[in-house]
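Common to both upcoming complexes is subunit A, partnered first by subunit B, then by subunit C.
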Partner chain A sequence: MGKYILKRFIYAVIALAIIASVSFFLICMKPGDPIVAKVQQLPDSSRQVLIAKYGLDQPMTTRFVEYMKGLIFEGNLGDSIVYEGRTVNMLLKTSAVVSAKIGLIAIAIQVVIGVLLGIIQALNREKLGDQIIRVLVVLAICIPTFVFCALLQYFVAFKWKLAPIMGWGQPIHYVLPVAAYSIPGIATYSKYMRTSTVGVMGEDYIQTAIAKGCSQRRLVFRHILRNAILPIVTMVPVAVGNVFGGSMVIERFFSIPGMGQHYVKAVSDSDPYLILGMAIFFALMYIISLFFVDILYGLVDPRIRITKNAR
Partner chain B sequence: MEANSKLIFESDDFEVVGTKGLDAEKISKPSITFWSDVWRRFRANKLSVVGLIILVLVVLMVCFGPMISGKDYQFIDYNMKNIKPNGTYWFGTDEMGRDIFTRVCYGGRISIIIGIACTVVSFIIGSALGGIAGYLGGVVDDFLMRVIEIIGSIPYLVLIVILSFVLGRSMFALVFAMTITAWTGTARMVRGQVMQLKQQDFVAAATALGASPARIIVKHLLPNTLGIIIVNLTLSIPSFIFSESFLSYIGLGVQPPETSWGALASLYQTRLMFDPYQLFFPCLMIVLTVLSFHLIGDGLTDALDPKLRK
Partner chain C sequence: MKAKKWLSALLAAAMCVTLLAGCGGGGDTKKEEGGDSGDGGSSASSGAQELVAADTADVTTMDPIQTSMLTDQRASAPVYEALMRREMDENGELILVPGAAESYEVSDDELVYTFHLQPEGKFSNGDPVTAEDVVYSFQRAFDPNLASPQSWQLEDMILNARDCFEGNKELSELGVKAIDDMTVEITLATPNPNFLTVSTFPFARIVSKKFVEECGDKFGSSADMVMGSGPFKVVSWEPGFGSVYEPNEYYWDKENVHITKLTRKVVTEVSALAQSMMNKEIDIALMNDTDWNDMVDQTGYYDVKETPEMSTYFFIFNCENPMFSNWKVRLAISLAFDRDRYVEEAYGNKYIPAYSFEPQIATVGDSLWVDVAGDSKDYLKTLAEKYPDPKALLLEGMQEAGLGDDPSALEIKYTTLGTTEAVKKAAEWMKQELEANLGIKLNIELTETNVAYDQIDASQYELAFGGWGVDSGTEPWRLLRLFGKEEYYGEAKVHWTGEKADRYTELVTEMQQIFDPDRLLELYKEAEPLVLEEAPVTPVYCSKQRALVAKNVSGYQAHPFLLPDYIGVEKTAE
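What follows is the complex of A and B.
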């Protein structure tokens, strides 16, 4: 197991290094002068000062080495060019918490409701309730997030006045974004949970449990749930890793000062280091989550551990 | 019971009943090809047929809608702004007095074309590389799988946003950005299939007859993975339509004057409180299209691979 984890860890580091360097060169190769966007009216002398400050007069490789040094030894993800004195790390400090709060609450809701719905569906297979939920699940998967945002905002906030239309700061502001974030996930989790529960219910050990006189409650919680939840368990870390970059639409819709919002804004501002730093952060989070998934898989299913080691 | 007790039968104990004039060698039913069999099974699934009908209607509307309405999607008329849906303006007009029906049709063309283009590109790359990796195995396979693993560990929205920043906001850039990660899924799937198939006897036979690896992949292995590829095709078109609408929605996708369903939704979202119908129509089209592809995909899964059916 130790060897397997080490191997996965090395892959994760290599992947991250490749992503960081490729993004750096991609972003820096973009034609056009990032300073121009900021200071069109400034005289040439101030321009030169700025260019020197951000090292834009250096060749790309020198900048790359400088950036990587800062990244690895100081954890400095870069400075904004458009906004004087703003760094990616500062932005992350304030906005990552916001995105994480919304995302984590939403994921908790998704998992709990999704798993419950899936089990209830599987236990009442092909009955009316199951059919209705299945139709709703298919619909929910086919509806883009911004449509949920629009529906919630229009009905819950505008027509029924149950929550503020947008904004950030008070607990009530969580309601709509979290709801919009949760719905597609609930649908996905309940779909997977239903399939996997149905699969588990066909296994021999469930027959054995019934035959030895297991109570319904014990059967569901000890025997079915424990086995059927495995695919969900491996899906959750990826969802958590995606929390920071995955809510761009929701944050934009409800004007929430989260990371997604800042990322999109950095792109429309053409702020290269801001984009780069945030992209590296997103990738880091995602890769960490994939690393956990790999370990989880290894723990859950020994066969994977062996075959991957054999390579 | 008396007949049962008789143990020895003479030839005149038997009588030929009703086969006179029939040719036993003749095939009475027309032979069914693979595809007509698929179609027969597909038709049996009512929901999938509904999906197919919805899709055909959407495509017809998107193709011929502007001709029927006879309006231009860029024509601005400030006297006619924010009109609710009526006989002249079937979906109403927007803030600049443009006919929403015509705009939705034009936007749909872009959305669907992008969906199909991305799917085609990612499937060509994915099945070629997946086929090679699966067939050759060894170092090539290892290398390609590592590449796929690394590409797969980039959060794909983040990459799309970077690429749309670097490449500018053209249609080409959009398709490129969306396919650069998407092909990996196809490649994995085709590789898995090919690895299973290449153990089978018909591949050994082809090799023995001196067929080149390229011929074996193209002629023997890929056609046998076609079923699964087609199902994945039908399911990947809606996911590209989804991504496109998402990107256009946050302003990084299709740029004006061109438009797409996502771009329209983004534009009309500002009028949500006053004229919700404006946002409703592009969203409805996205949902209908994606839903129809999902229903068709479900039906095709059953129709193409009877083994999967319970």
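What follows is the complex of A and C.
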């Protein structure tokens, strides 16, 4: 197992190095002067000072070496050009926490409700309730998030005044964004859970348990849930890795100072180091989550571990 | 089986942790921000003198010399004070009133301004505002290493400012000197009646030398790195969310500061802004969105104040390109679309159609340009009467330029300024109109703003769109000068040459050197027709500011040139 984890770790580091390098060159080759994007009516002398300040006058390879040195030895993701005096690390520090708070609450809700719905559907397979939920699940997966945002904002906040239209800082501000974030996830998890539960319910050991006179409660929680939930277990770390990316749409709709909103601003303002820093951070989070998924897979299914080791 | 048990426990634990992490977080944030004012709907500003203002873009810096975007300037305005303040009198005219300086004298030769600082002037940490702080603030504005994006507006006014800014002279040689602790002397390069107005701009506002030196290059980047001598201080500031201000208890004129808490929210999504306004959660905002304007106005909660701004948007023809080498081709395009319909149909009247470069707010001496301009006012309409058939004019121009007589052979690349839906819609409107009226082909190239500027800089465009905004004054030369040979949209970018271009450059050069309104009017009246008929650039629309102020807020002065410092603003019972 140790060897397997080490191997996964090395792969993760290589993947991150490739992503960081490719992103650097792609973003630096993007047309458009970032200084002009920041301020258009700038005298040439001031523009030259800014270009030198951010090292934009250096050849791309020199900039790459300098950036990578800072990244590897100091964990420095560079300076934001648009946010004067702020480093990308500073912006990440505040905004990632905000995105994570919303995302993690939403994931917890998604998993709990999604799993329960899935089980209920499977236990009532092909009955009216199951049919209705299946239709709703398809709708929730297909409808884009901004539609939920707009509907929640209009009905819950504007019409019924149950929550603020937008804002951040108080527990009530979590309600609408978390709801908008949760709906598609609940649908996805319940869909997977239903399929997996139906599969498990057809297994011999479940029939044996029923034959033994096992109670319904014990059957569901001890025999069905523990086996059927395995696909969900491997989905959660990936979702957790993704929450740091925030949701651009949700954060914009509800004026939440998370990473998604900064990312949109960084791209529209052509702030190269902010885009790059965020891209690397997202990649890092995603790779870490995949690393955990790999390990979980290994734990869940020994065949994977053995096959890989055998190679 | 053991592994599965372990996994189930792990999953359960992870779920608990995520729930706890999320729930715990709410409390932390509240504490960090000193409590937000959102309360579930009804009215955000429930406290008697608590005011909520909204902006549609994020604040990127609160270092006064680095603020180039309007949002940054509006966010910094309550915190920093300049030597003088501008405000509106009862007639709506802008006047200068004491700011950090209690009074000033001007020498007989109008070159030396001596400012006497407010004896009670203090920064929000209680330190007195001294002449040394004022000198330091001006030196920062012209420090080449700090590259202030706006200081150029003063660089030709203050003695040695340009040399300092370009690194040719030491900052100690700048024409701003401390005579004693409370007296500052500013020496100008040449007499300039605009100096006092420009010296109220953000980049000339006063900072504490001690505080800025303590902050280093982090000054202005977060709430604890912001401090000034203005009426308010920043108590919290979160990028992407907004900032909260409280009164500066040491402010010299604190009797006129009535607001006890000011919250400035960043609301980038216009639907959220509009619905918040309809829910009366916001007291003051600049909002101009044709989909929502009427709905918000119908609440009757806000006074809507629309004022033209001193900014004009225009088409730019690359005269170097053989297609546009002949003025008749350029003028034909300029006359081939109806600006009124363009602004109405493509932008829902968000802008004001422009038939000359001067916005409605432009002035000559004490008069409005539109009142004294005579024939030069809306000169494009005069040209439309002179050349009633743009297509015939186009064919004439094409033949003169050796482009044949088939307009459909004229395939023009139109580089847009931005890629938003609104830009796309406007470009498509223009394509349809020009193709129908002239028979030419217009190929829209949706281009990011900074890429478009790069292409204009490198003359890699055919037909492009540009704009210029001025907040320093209302004289027409501030816009007309742009197309002089050496200026921003000069020969290097637009390639307008010939006798008329030379004459135009002479005219705009003279405009910038004199202050006599009669002579200025003569110059404007000669320059305007010249550039409009030659059409290297052609005005399309001017922008306007649309401020919504809740009816229970009094004393708020909405004017495109005023950055709100909330002095004198008060909330009354609804």
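Keep this in mind: the second predicted complex is superposed on the first by the 303 of 311 C-alpha atoms of A that agree within 3 Å, B and C clash if a C-alpha of one lies under 4 Å from a C-alpha of the other, contacts with A are read in each partner's own complex, and residues count from 1 in each chain.
As a convention for this text, a residue touches a chain if its C-beta (ideal position, glycine included) is under 8 Å from a C-beta of that chain, and two chains touch if they have at least 3 such contacts.
Source: prediction; values computed, not measured.
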Partner chain(s) touched by A:Gln170 [first = subunit B, second = subunit C, both, neither]: second
Subunit B versus subunit C as contact partner of A:Gly245, first or second or both or neither: first
Subunit B versus subunit C as contact partner of A:Val97, first or second or both or neither: second
Partner contacting more residues of subunit A (subunit B vs subunit C): C
Which superposed partner A:Gly129 touches (first subunit B, second subunit C, both, neither): neither
Partner chain in contact with A:Tyr263 - subunit B first, subunit C second, else both or neither: first
First, second, both or neither for A:Gly199, with subunit B first and subunit C second: neither
Subunit B versus subunit C as contact partner of A:Ser23, first or second or both or neither: first
Which superposed partner A:Ala283 touches (first subunit B, second subunit C, both, neither): first
Which superposed partner A:Gly55 touches (first subunit B, second subunit C, both, neither): neither
Overlapping contact positions on subunit A, where the subunit C interface meets the subunit B interface: 150, 153-154, 158, 165, 252-253, 270
Contact set on subunit B toward subunit A in their complex: 142, 149-150, 153-155, 157-159, 161-166, 238, 242, 245-246, 249-252, 262, 265-266, 269, 272-273, 276, 279, 283, 286-287, 290-291, 294-295
Residues of subunit A touching subunit B in the complex: 11-12, 14-15, 18-19, 23, 26-27, 29-30, 138-139, 141-147, 150, 153-154, 158, 165, 241-242, 245-246, 248-249, 252-253, 263-264, 267-268, 270, 275, 279, 282-283, 286-287, 290, 311
Complex interface listing, subunit C residues touching subunit A: 3-8, 11, 14-15, 18-19, 21-23, 25-27, 29-30, 33, 35-36, 38-42, 44, 58, 60-61, 63, 66, 68-69, 144-149, 151-152, 155, 165-167, 217-222, 225, 238-241, 265-269, 271-272, 275-276, 278-279, 281, 448-451, 453-454, 457, 468, 488
Touching residues on subunit A, where the partner in the complex is subunit C: 31-34, 36-43, 45-47, 49-50, 53, 82-86, 90-91, 94-95, 97-98, 100-102, 104-105, 107-108, 111-112, 150, 153-154, 157-158, 161-174, 226-227, 229-230, 233, 236, 240, 251-258, 261-262, 265, 270, 296, 299-300
